[in-house]
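By letter and in written order, the chains are A, B, C and D; residue numbering begins at 1 in each of them.
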Amino acid sequence: MAPNSTAPRVAGASADPGESSPDAGLRVRELTVDLRVDGRLRRVVDGITFAVAPRGTLGIIGESGSGKSVTALALLDLLPESAHIGGEIRWRGEDLVRASAARRRRIRGREIAMVFQDPLAALNPTRPVGRQIGEILRRGGMRRAQVGERVVELMTMAGIPDPTSRRRAYPHQLSGGLRQRVVIAMALAGEPSLLLADEPTTALDVTVQARILGLLGSIRAEAGLAMILVSHDLRVVSHVTDEVAVMYAGRLAEYGPTRDVLRHPRHPYTQALIQSVPAVHSRSALTRPLPGTPVGPANRPAGCAFHPRCPLAIDRCAVEQPAWRPVPPGRWVACHRAEEVGA
Amino acid sequence: MTGTRLRVENLAVAFGARRRLVGRADPLRAVDDVSFHVRDGEILGVVGESGSGKTTVARCVAGLQRYAEGTISFDDVPLGPVSARPPQLLRAIQMVFQDPRSSLNPRRTVAQCVGEAWTSFPVPGSADRRQATADLLADVGLDPDVAGRYPAQLSGGQCQRVSIARALAARPSMLVCDEAVSALDVSVQAQILRLLVDLRERHGLCMVFITHDLGVVRQVADRVVVMQHGVIVEQGPVDDVFAAPDQPYTRELLGAALDLHS
Amino acid sequence: MIAVVRRVLVALVVLWGVATVVFFIVRAAPGDPATALLGPDADAGQVAALRESMGLNRPLVGQYAAYLGDLVTLDLGSSHRLGRPAIDAVAERLPATVELTLAATLIAVVAGLVLGALAGRRAGSVWDRLVSTATIGLQSFPTFWVGIMFILLFALTLGVLPSAGAGTPAHLVLPAVTLALPFTAIVARLTRSSMADTLTESYILTARAKGLTERQVLTGHVLRNSLVPVVTIVALQMGALMGGAVVVENVFAWPGLGSLIVDAIGNRDYAVVQAATLVIATIVVALNLLVDLAYRAIDPRIRTGDRA
Amino acid sequence: MNPLPETLEAATAAATLPPARPSRPRHLLARVFAAVPFVILGCYLVAAVVGPLLIDYDPVDTPLVDRLLAPGSRTSAGELAVLGTDHLGRDVLAQVVYGARTSVLIGVATVVVASVVGCCVGVIAGYSGGLVDTVLARIMDITLAFPGILLAIVIAGVLDGGAVVVVAALAVSGWIGIARVARGVAVSVRSRPWTDAARMLGVRPARMIVRHVLPFAAGPVVALATVEFALVVLAEAGLSFLGVGLPASTVSWGQTIANGKEYLASAWWISAFAGVALAGLVVSVGLIGDAFTQRYGRGFSR
């Protein structure tokens, strides 16, 4: 694990100085997740640190096995009981890792809500969507008539046309885009302050994706939500978020304002990712791709996890895990040769 | 100008016609009046959203899907379903599938997967199986050591390379790639795209490249066919179509497609 | 609606198939039913007359056609041994079998659901292993032997329950429990695996993400969704239950269809065998049909016909 | 549609349940427990094969002087009747041992017949699809509508005894389950891209079935066949119990149990030991079948 002598000064705090008190928003420090895989505990998320200010947006980007989805599930305490979470998850100053299970459950949905990737799988096929949207309202003791009104309101907010009749529809009767809107309406039902969206548009068509991203943007602005967008798609993250955390093999490679990171990546992996994204609106030549495949927690090599694929790797990289260090202005990186990247 | 290899004319596929107890069946057209061609050494991109019929077209060309109307011919020989294709024609067109894992039989080794073609028809240069397999694996950038492994022991990108090697084992003239890179991580996707483009040059292959990712098409295709609801909306050279789309749907599609924003 | 009509038609076709199979099994029986019926002392004239009246002289196809024609008018032939229509004998015994199977179903469903739910809540838990192993035992013990051991214990040794016959609720206890045991195991195993499957669904994760308590997730999403397949298969297994009843009835001398069939087989009274088998098959097919329709009502995906 | 990225798939699966296919038990104790049913089954097989060589038994020889002797008694010939004698003076232990042979033979024969028929029908139906599949699936439904044991009772009862008839009667309902599993596997495999790839490489249907379908059907079919073996053994005993099974000259646990029923009050051991033997065999095979089912699954879903 990266030995961090100083508490990382988190870039998110500087984005909105007015609300940068340590008790606001979400601050994750040195988060580790050990999951039981084939009977063995494996460190799937290894010491990651980031923060999301109130109304802030963070993108977590990573390829398969990078631990980005596990991180999202860990934030909401949705991992199996055999999972072990270490470090700190401070939500409005309260450490959720040490909070009681009941307390964490009360935060789920009501303060931090989640939007999942596949809307068809995320919805119970045997119940009308309106009931699913209104479920926590009803369970919270709201009166039936009020729940109905609120459900229609939420559906309207999520841009679902004709909500009064649609709420009686079953998930399979709706298109992919509408289903994802239902899932979003469901997430909004608890009036959360932070929305955790895990690959919210990956299962959708491009045109639908554009609309859903637009919807998420406007809802965020109207309701004043903070958002974490977990995605493998750098393009989506680049359009939606102010800050980005790049994950590789369960660790953070790089973290900083999205625009800066994309323009001047400080980690060779980020740089390679950016170069791998094919452009639509301009002719881009095929670049020399990175060799090898992304590693998962099971086959993470010693030293820097990225060194076998890294064009800048030196002997040191195979031995010593790079420290998580600040790179001005407001950036963090874990690379021995960060200064030479892109140079 | 080089010659036309694949020619698809007025292709129509009636799909999932719902049978009714009373009244006549109403066929849902998955593909209607689709015509395009692929020239020698060319990569034709076919783009569209889900339900546009692009995969159905690919499967018709591959002979895996029966079609109601139209003709498909390769080098001016009409193409029937796979079961009716003569060996020469069968060999000529091979396919690379989307999901790298399920496109390989998990109970067979890489060598067995790759060599499957040779059990059906003799292919020049396949007399020494072991050597031929090693050559093919090298051709797609794999270590010959993987020959004895099972698909589960390989990464997604490696599986896709094995699929490509299996297709190449038949010495095809054309590859049909159905979302061949969609399930891969971006960094691996770039590798496979690079490999396909290299193979085109080395083996003089032409390709039909089905994808929903406009960026991928722009990067590798020479010409593009845009499909929506089973019909072709627009087709032409990639740069022309992408720079100045004629049709509103193409414009919408391009408008929705994101580039890296910085 | 069209789907319903189609299901009914299929059910009728199935019944026709069953009737055909029964017909040919009975015709394939060795020996001459007329001779068997009249005994070895009967003279040729008597046998010929009986053969004539039983329609045994006609060609097989003709017999088959006549048989189907009779079936349509609910004429299942008459028992020469009992000297009355076979359907009457069946009708007389049917209530006892229905009583027994219903009682067994009730016991099995209640016990099975409870056991299965206990096991399915946490796969791999102690409860899960306990129930899984116990159900294999329940399924493996032969009902006819368990019934005999019950008689030995509760009737002969303890003397608390009657060993055979019917009439009082006490008479029902041993046969119903015996018949219910393997069925309980089936229901429990189904419930367990169905719950375990449902728990892996993404929408369960969604429900947890909403902040529902584990209990609310269980009642609101898991139980309801896992019961659908259980109900279906339980009803499909009713056929097996009626089959089991045939055996159990013979252990406890329960005056139902099962004892009737075995008696009739012993006496080569094929009209009764045929009638009883057909009636049981009809009940099973009708049950399957009902379940199918009920399934449509429960699962919206099927009701709206969007998924096959 | 894009598949789930592997992480999320793994994470969501992990989030709810341990892996569906349990790995082999790792603890020594667990291994010992897992081996128990195999050992018991082995004892039965030994008894079935070797037992009759060691113990003489003649079902027709009825020394009435020795009738209804309690377990542990001495017979008039001075032999020890370990498990007692029945109402005709025949040794119960001998019946238990000879019965094992009958059960195992009938069980194996039936399961082999049912598996071969079921596999052929199922694979052909599932792989060919279309009308053939529809018709065969309908036939399966028709056979399924009969309660299996009732069908067996009617067939075996009407067609008068004999091992062949009993095997046929039991196989008639036994093949359906196998056929359904085999069909499920075939349908699922047929839609996998690797079979499409093989078709494009000119692989013929026969080779396709052998190479790409049967290997996947084998596991689930063996698992189900094991479970069916247990059910067949039960059903055969049931038939014999009802007197519609094997002829009286063949020793069967079901007959022994039926014989003992009349003497329950005075000679419980006749029914009891045969039943224990029967249950022991069925339980151990059932446990083995369960382990197989967990390892190979009921089909090829997912």
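Everything below uses one rule, namely that a residue touches a chain if its C-beta (ideal position, glycine included) is under 8 Å from a C-beta of that chain, and two chains touch if they have at least 3 such contacts.
The structure presented is a predicted model; accordingly, all values stated were derived computationally and were not measured.
Student: Quick one: most central chain, C-alpha centroids?
Tutor: That would be D.
Student: Tell me the chain pair with the top count of C-beta pairs in contact.
Tutor: Of all chain pairs, the one joined by the most C-beta contacts is C-D.
Student: Report the inter-centroid distance (CA atoms only) between chain A and chain B in whole Å.
Tutor: Roughly 33 Å, centre to centre.
Student: Approximately how many whole Å separate the CA-defined centres of chain C and chain D?
Tutor: Between these chains, centre-to-centre, one finds 20 Å.
Student: Let me have the rounded angstrom distance from the C-alpha centre of chain B over to the C-alpha centre of chain D, please.
Tutor: 47
Student: Find the geometric centre of each of chain A and chain D from their Cα atoms only, then give the gap between the two centres in Å, rounded to an integer.
Tutor: Centre separation, chain A to chain D: 52 Å.
Student: Considering chain A alone, which of its residues make contact with at least two other chains?
Tutor: 64, 78, 118, 232
Student: Could you say which residues in chain D touch two or more other chains, in rising order?
Tutor: 1-2, 6, 12, 15-18
Student: Using the touch definition from the top, which residues of chain C touch two or more other chains?
Tutor: Within chain C, the residues that touch at least two other chains are 201-202, 205.
Student: State the interface residues of chain B toward chain A in the complex, per the touch definition above.
Tutor: The touching residues are 49-50, 155-158, 185-191, 193-194, 197, 212-216, 218-220, 239, 242, 252-262.
Student: Could you list, by residue number, the parts of chain A that touch chain B in their complex?
Tutor: 63-64, 176, 205-210, 232-236, 238-239, 259, 262-263, 272-284, 286-291, 293-294, 309
Student: Across the complex, what residues on chain C touch chain A?
Tutor: Chain C residues touching chain A: 201-203, 205-213, 216, 220-221, 224-225, 228, 298-301, 304, 306-307.
Student: Touching residues of chain D toward chain C in the complex: what are they?
Tutor: 12-13, 15-18, 20, 138-139, 141-142, 144-151, 153-155, 157-160, 230, 234, 237-238, 241-244, 254, 257-258, 260-261, 264-265, 268, 271-272, 274-275, 278-279, 282-283, 286-287, 290
Student: Note which residues of chain D are touching chain B in the complex, please.
Tutor: Its residues touching chain B are 1-3, 6, 192-194, 196-204, 207, 211-212, 215-216.
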